[in-house]
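What follows is chain A paired twice: with chain B in the first complex and chain C in the second.
Moving on to the complex of A and B:
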């Protein structure tokens, strides 16, 4: 280790310092909300600036265990944006319920630190530790409303299945390490390429790879490893759900990019069928179950499973030989972040008054009660459906085009993705119907979200719109980031 | 047989399977937590076995095992905290009674 190694870690060090500073501010001014929020947001802004100052470099640190490249910078920025938006939305939910914000912000930023470490991992062991650093604070956030039975119930389900999947992933990792002789991603890739060239993979190695695949599929909530998702999402405090639906999911896809693309790249013909089956099952089942839900948070949980399926189509396209699959995954991740966090933010605004549920009837007449919130929710839902010219349309388009270019079975997968997108319109538009064609409840009080909340909502709305009207902006960034060897 | 890598791998595989079975079959959240710990210890045995029988892996094995132990401890801490929180709300450690959200 030397000083330049620390330089490549600078964004992560800044994020850790930010979390620590938030805790210190809370000690100095206990219970004051504004100083904690200001410290967290300023720290995250500096972190983003540090990431940008490193962008364009490609370097390795700590003997090759950590890499800084286009992918790291892209994902780091995305994770910082996720943390900042979550903090902006969180206080409107936490304050009326008497929950502290400083611990929330600190735990959230620690989780983001893990996600940023995942993004730059080039070592299987580092990948595992970073993944744990990302998910452990996530369990705590899910149970943040510790006197609320729903929140703790969601947390324990998330925790039990999450650590179960971590153990499975680790078991596979032990075999891959033992039989290839290294945890370094490039050494593993070379060993696997050698084995693939000989035409046979040792049974123990194949088993290890299967266990690792199952572990990652758990983390990204792919069917049939998705059981924890609906309860964890519905039970968690709504701003936490907003974070969980994007942060750990994109983190899991970062693991997939570092693991499948960089380490298992030589075997991509072997894992292509698995990813195709996972993608087909995930999007179909996620959409079918989402149709039957009456709770909007639970509906968005199933819809997030479906979106995992669409993103997996991008991974399948990469395995089928289309390198653009990777940049399509990144584009999808960024677009999904803004539109999905925006949708959860509107639910947060509705739930500002404690006791309001996220049942679909809560949305009745929202278009008249609060025209701006109604219009933004409609925008996010249309984008999630994939209606042009919104960000969600281009996200789906890039993934599907990459799959069609790859050809073969992937063409069938692309057709299935389009059919699914059409079916998804049903349950997204159902909420829009409730907002504009039903009368609001007589006693519904006016909605008055805080200033910071409005800024966050404006950012998500503008991003959804701008990335939809000018997809080239985001596409340039995701294409530059998607240049991975493997 | 008793002094070969394969026998240790079979042993750790069996431990892992017992842990998996315990996780899937038990209803008590604490037992499920213990099953996860058993799975992680099975992983540790695998790692140590590789380290003991494959010379080039010797040094790495102990480092990896120590890191796994640390992660397992962190996980148990978070898990027990959540179990205590839900026990206060529901007055039961049985997971099949945590069903207020299933429709």
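Moving on to the complex of A and C:
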């Protein structure tokens, strides 16, 4: 190790220091909410600034195990934004229920640290350890309302299936390590390129590929590895669901980019069919089941499964020879983050009073009860549907265009994605119908979210609009970040 | 086809490892069998009841957690102490930071009242 390696690692060090500072503040002023939130947000702001100061460089650290490039910077910024937004939304939900915010913020920032480490991993072992650092705090957060049986149930399911899938992924990595003799991503890629040039791949590699695909598909909640998702999402406290639906999912795609694209890139002809099948199953099943849901949180859980499918189309497009698939994945990840977190934020605002369910009937007349919340929810839902000119439209457009350019079976996949987007309109717009065409319940109290919450909601709303009206801004960033060799 | 044997071999090794570790732990933890007096508490304490592989109260987990944290810390401290001279000041600063972060965890647990028996 060189001392200069610490410079490349600076964003992660800052994130860890932020989490530690939040805990220290909580020791100094136990139970005080404002100091903990302020420390967390200021620390995250510094972390973002440090990431930006490193952006544009490409450097490796720790003997090539960790790499700072455009992809790392893009994902790091996204993860920091996810953490900051979650903290802004969380207190409105946690405070009325008597749940502490300091632990929440600290655990969340530790999780984000893991995700940032995933984004820069160039070594299979580091990748695995970073992935675990990302998901372990997630189990904790899912069970954060520990006196709520649903929260506990969701957390246990998430934990059991999550650790199971980690073991499966690790077993797959063991095969690859055994056959290539290295855990370094570039060495693995070089060895696999040689193996692939000889024609058919060894049975051990095929086995490893199967295990790794299953492990990563669990983490990103792709069908048929999605069973934990609805229960974990519905049971978790709503701000946690907001985090779980974007943080670990984009983290799993970061794993896919570092593992499948960078390390297993030479084998892409072998994993392309698997990804096509996964993508087709994931979007179709996610959307079909979402249609039948009456609970909005559960509906958004299935919708997040469907969105995993759309993002997988981008991965398939890359494997089909269209390099723009990677920047399409990144664009989708960023757009999805803002619109989905915004939608969950509106549910959080509705559930501020303990005991309010996330049933669709809760949304009745929201447009009249609170015009701003109703309008923003409609904006997020339309964006999730993929209506122009909102961010969600461009996200789908880039993915689908990349797939069509790749041609072959991917054209069929692109058509399937478009059909799915049309089917998804049904269940997203059903909520809009409830908000504007039903009368609110007689006893519905006025909604008054906190100031920080409003700021967060404004950020997600503006991002959804601006990235929709001027997609070139985000596209420039995702294209610069998507030049991943492999 | 050496490839097939590689797949089977690694799968067998993976399954075998699980049984090996649990089996070894069982063998080691049961080696007092036949000499019951060895298992009795020394001078004072409550007589042991049942097997150590039974269930424990969940309130013990926090001690297990803290124990593991500090146990692992000692592993690192030991290696560091051996090469202490050649690491110069950098080594002292690194290890100081490491221990400080761990102590922060302990201080936090203490302040939160985790160490008080309930």
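Side notes on the structure shown:
We take it that the second predicted complex is superposed on the first by the 486 of 486 C-alpha atoms of A that agree within 3 Å, B and C clash if a C-alpha of one lies under 4 Å from a C-alpha of the other, contacts with A are read in each partner's own complex, and residues count from 1 in each chain.
Everything that follows uses one rule, which is that contacts are C-beta pairs under 8 Å (C-beta built on N, C-alpha and C of every residue); 3 or more make two chains touch, one makes a residue touch a chain.
Just so you know, these numbers come straight off a predicted model, no measurement behind them.
Superposition of the two structures on chain A leads chain B and chain C into a clash. Looking at the shared chain after the overlay, A:57 reaches neither chain B nor chain C.
Contacts of A:164 after superposition on the shared chain: chain B is touched, whereas chain C is not.
Using the contact criterion defined above for the overlaid structures, shared-chain residue A:132 touches chain B, although it does not reach chain C. Counting residues of chain A touched by each partner, chain B versus chain C, the larger count belongs to B.
In the superposed model, A:353 makes contact with neither chain B nor chain C. In the superposition on chain A, A:143 contacts chain B only, with no contact to chain C.
Of the two partner chains, chain B and chain C are each touched by A:204.
Shared-chain residue A:177: touches chain B; no touch with chain C.
Contacts of A:27 after superposition on the shared chain: chain C is touched, whereas chain B is not.
Applying the stated touch rule to the two superposed structures, the overlap between the chain B and chain C interfaces on chain A comprises residues 171, 174-175, 178, 204.
Against chain A, in their complex, chain B makes its touches with residues 9, 16, 19, 23, 29, 32-33, 36, 39-40, 42-43, 46-47, 50, 54, 56-57, 60, 64, 67-68, 71, 74-75, 78-79, 81-83, 85-86, 88-90, 95, 98, 100-103. Contact residues on chain A toward chain B in their complex (touch as defined above): 125, 128-129, 132, 136, 139-140, 143, 146-150, 152-157, 159-160, 163-164, 166-168, 170-171, 174-175, 177-178, 181, 183, 204, 230-231, 234-235, 293-295, 298.
Residue ranges of chain C in contact with chain A, taken from their complex: 1, 3-4, 6-7, 10, 14, 90, 101, 104, 107-108, 111-112.
On chain A, the positions that touch chain C within their shared complex are 3, 20, 23-24, 26-27, 30, 171, 174-175, 178-179, 202-204, 207.
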